[in-house]
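Sharing a structure below in structure tokens format, with a few things to ask.
First chain written, first letter: the chains are A, B, C and D, and each begins at residue 1.
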Amino acid sequence: MPNSKLLSLKLAISRFVPDGSSVVMGSAQETLIPFAAGHEVIRQRKRDLTLIGPISDILFDQLIGAGCVRKVRAAWVGNVITGSGYNFRHAIESGLIEIEDHSNLTLSMALRAAALGVPFLPTHTARGSDLFKTNPGLKDVTCPFTGQVLTAVAAINPDVTIIHVQRADEYGNAHSWGNTGITREACLAAERVLVTCEEVVSPEVISSDPNRVITPGFRVCAVAHAPWGAHPSPAPGHYNRDHQAFLDYRDESIRPQAFAAWQARWVDGVEDQAGYMTLLGEERMAQLRLKVNAPSAEANFGY
Amino acid sequence: MPNSKLLSLKLAISRFVPDGSSVVMGSAQETLIPFAAGHEVIRQRKRDLTLIGPISDILFDQLIGAGCVRKVRAAWVGNVITGSGYNFRHAIESGLIEIEDHSNLTLSMALRAAALGVPFLPTHTARGSDLFKTNPGLKDVTCPFTGQVLTAVAAINPDVTIIHVQRADEYGNAHSWGNTGITREACLAAERVLVTCEEVVSPEVISSDPNRVITPGFRVCAVAHAPWGAHPSPAPGHYNRDHQAFLDYRDESIRPQAFAAWQARWVDGVEDQAGYMTLLGEERMAQLRLKVNAPSAEANFGY
Amino acid sequence: MRSAGNNREHSETRYYTPAELMITAAAHEIADGEVVFVGMRLPLLGFQLAKTTHAPNATGVFELGIIRDKPASQPILTMGDLPNLYQAQWLSDTADIMGLLQRGLVDVSFIGGAQVDRYGNLNTTYIGGHENLRTRLPGSGGACDLASLANRHIIIMNHEKRRFVPQVDYITSPGYGQGAGWRESVGLPRGGPSAVITTLGVIRFDPETREMILSAIHPGVTVEGVREHTGWPLKIASNINQTPKPTPEELKILKKFDPDAFWTGP
Amino acid sequence: MRSAGNNREHSETRYYTPAELMITAAAHEIADGEVVFVGMRLPLLGFQLAKTTHAPNATGVFELGIIRDKPASQPILTMGDLPNLYQAQWLSDTADIMGLLQRGLVDVSFIGGAQVDRYGNLNTTYIGGHENLRTRLPGSGGACDLASLANRHIIIMNHEKRRFVPQVDYITSPGYGQGAGWRESVGLPRGGPSAVITTLGVIRFDPETREMILSAIHPGVTVEGVREHTGWPLKIASNINQTPKPTPEELKILKKFDPDAFWTGP
């Protein structure tokens, strides 16, 4: 049996997300965003990160506001239900960070190219758009069969992809369910995969359903237990989206001073995920927990 | 609610697999091969089919022997545990059918290209091989970023992909588990998907686990109930591989007369899947049924 | 906007908001049986409304990897809210959904816009352009893909002079470019905007020139009013008509899907 | 083949078959911790043997969409047998597995061959070539991909003159082509055959010329015997040695994984 990969979130981030890393987060779009991991990155004052993700909802805005970021390679950065991400907006407008402009499809293709081990993949999207002007990873390519001109998307090879899942074992085998977004290719494209999870379970639970495994365990570098680690985004099987937190964040991020107060309270003000849950409070967690349970039908993997 | 797509296997094949169709079968390689559907194709004396699949085990050899096939686009055609497929071998050597030589990777990329709606996908495989001489769907393409020369694989757009799954509802929503091979891209690439299944279940069973669904139900044209429809290949959750049937087939297919006898007994000799099961016999089915049950851990899709 | 004042012919005096009118107009763009690529915000409700009224057999596809053939089981604010995953027809990868789109299997999609020009090109990235940047907006998300690859797409946005400009500063989501033939010339496989639903009316595109033409005005709005808020001399359809008001039934359904009036509020 | 006859130094007189010897030799090519792309037939047993003996931390990947970190729970004849799916580390798509291979994450893979030449090019498709076809074989399957993309691959085949030819009639799976530098020149990213395990011995490749060199002979086999069954003057290593016989423990494990001697029979 391999060695255990179970680490505290603190240790996992300090070991596997050095300054200057390129990091995928928020690969499932609105669901299972690894906020706990992102907040630990902020607490450890990581610097010069390149963030990669389709639409990060507010996580990228938080990391930018905290000064961890040098560059963003994304399709959309903001607050899904309120619009603008103010830290992102100011950082771009004042030239503090770089941006490579993608669409959701070009970002997926960039990571699929890396996952497949090819330098590019072709697509029909973005033809005639100005994404070509603000994304050096887009060029024309001609189909050798049809002569059509397509958009070639250059591969993106992240140093680490961080995902939050429902359950994992200590060896890096993880079950994730719900929409998957670009998670599969993001994990296969990365040099290593860092997993945070709601529950740490026995290997037998995971191996009982190898189709539910999100990426092969031998490529996972660390597993960190982080209950409520996707909050305020939703985690299928565990809790609903905390809309109020996203509405509050809008006001808490419009001005730098307001954001500093938000960071002091919600990130630097807590030691770890246990502290975060205490700050969140049992009443609020109770409101977010599932009200309707809907168990999956069984599948038999016997012989 | 949409109309029911539940049809008899006879009706499903006669409606959706006209002569001259291009058909994907055996997309999961050794598992869940849609033998029942293939045998119905033989009974209906379909002609001029183009068969598409990675390695078909013996199904393609049977369809070729029965005279249903004009062309094969595949990586490997034979009998996995014994080697040659004699009908295939004879048909190629005597020029009766055409072959487009693929590798498992080029076939996957050809169907992924169609599934993605692009005319080609690039890969590093087959460089310097003679597959280029016997597959017009392989050409060189240069990466506009790195200048590397890669193998461009032309898209393959099948008329119909036929899959056998464990369970489906009458609207075309299907659960499949086990290794998936090239099934996902084969379903998304095809104009229509024809599903045969071990069990027809209520829509609630399928919708209880949308991650287990193999392809979106709105693209499925027909669902046919065909218990033991993958025999002699294995069906996870239902029965093991019938090795003896593959060993017997070797001898039953070496010479044309022998194959005629095999076809008369196992295909033309039975009216439908019920007849096939009677011929197979309860004792043999009992030997093949699962001895060890291994239920999947539950996932909660509530809110 | 209160409709009662300019609404005498209407038997009852129920109020509706501009958002309710726009969402209803959006829903009317969906035909039964169509495959709809549902975007963020107002389109979420437009799809739910259409699905519950005239388009029960519409299929909704969502870029994060969801396909639904029934409305969400509970009110949702984002497409990733758990009631939108519950009993979905398929939960899958973004690339699978984008593949259906790129193959041409999506009939209609919806996009919100910040800045649009006379040919329906959209900018949701750089106001002022990349060089003389004034305001950085969130960016494309899936909008560029929807505008590039759907069989048709519908733009939903506020009608203001600063937003309706002769030429956008940056093309995030391609419309008809410089007009007829442009999409073909740049290699777009199909599609283009079929309508722009604004706070003032509904705009369509001249099949010849691909330029915007005002096709309908909302109740209480005048053609002059629309022209005033448009950054170029907007063409007007000869047979211009009024946008149908949301029916009581439609308003009831919208209330059900948005009980707190998060999207439909004034 | 009986080994006892030429095996006097060996304390006990147990028999082993050529297949058992070849599978054991294949297993010895796997180092602990490696990622192994496991092919059809004999390699299935070679991986199980290595995993159970000297390479407990090897990971097995299978082209049909399986990754395993433990041996199959029961004897299997194909990689799709249900005991090979049971408690797998991952059940997935062929393209996912091929992606790991194409990325260079697969250390070693195994391929069976029908016809091979001095540079390790394999033909499993057209004997006689495509023009003057004599025998049509099943084709590549995943073999071309393994030979193209793995960091190294190992060929397992019967040693006969008609199979060991100066130049293959058709390259199904590329070896070193015409020799040094060829793989780079055609655009192969890495790899090449590291060994050919035959019924007579173990052949490796000259690091300079990339030509085959006989490196070991099986017990009871002579160098002349190997030369006789090779279609060109096969180079011989200066320090040629004998292939280690399967140990009683190895034979016991093989018996467990192949109780009916389907693959390991005489």
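Here, a residue touches a chain if its C-beta (ideal position, glycine included) is under 8 Å from a C-beta of that chain, and two chains touch if they have at least 3 such contacts.
Everything quoted here is computed from the prediction, not taken from an experiment.
The fewest steps needed to get from chain C to chain D, moving only between touching chains, is 2.
Common neighbours of chain B and chain D, by the contact definition above: A. Each chain gets one centre point, the mean of its Cα atoms, and the points for chain B and chain C are 41 Å apart. The distance from the centre of chain A to the centre of chain B, with each centre set as the mean of the Cα atoms, comes to 36 Å.
Remark: chain A and chain C have CA centroids separated by 28 Å (rounded to whole angstrom). Along chain A, residues 116-118, 123-124, 148, 150, 177-178, 180, 184, 208, 211, 236, 240, 290, 292, 294, 301-303 each make contact with two or more other chains. Residues of chain D in contact with two or more other chains: 73, 81-82, 85-87, 91-92, 95, 98, 101-102, 149, 189. Taken as a contact graph, with one node per protein chain and an edge wherever two chains touch, the assembly fits none of the named shapes, being neither a line, a ring, a star nor a complete graph. Pairs of chains meeting the touch criterion are A-B, A-C, A-D, B-C, B-D.
Considering their complex, residues 116-124, 137, 139-141, 143-146, 148, 150, 152, 154, 166, 175, 177-178, 180, 201, 205-206, 208-209, 211-212, 236-238, 240, 290-303 of chain B touch chain A.
Of all residues in chain A, only 2, 114-118, 173, 184, 188, 204, 207-208, 210-211, 213, 215-218, 301-303 touch chain D in the complex they form. Residues 35, 57, 59, 67, 69, 73-74, 81-83, 85-92, 95-96, 98-104, 149, 189 of chain C are the ones touching chain B in the complex.
Those residues of chain C lying in contact with chain A across their complex are 40-41, 62-66, 73, 77-82, 85-87, 91-95, 98, 101-102, 125-126, 130, 133-145, 148-149, 170-174, 177, 182-183, 186-189, 262.
Residue ranges on chain A touching chain C, taken from their complex, read 28-31, 54-55, 74-78, 80-81, 83-85, 88-89, 92-93, 101-105, 108-109, 112, 123-131, 133-134, 148-150, 177-185, 233-234, 236, 240-241, 243, 290, 292, 294.
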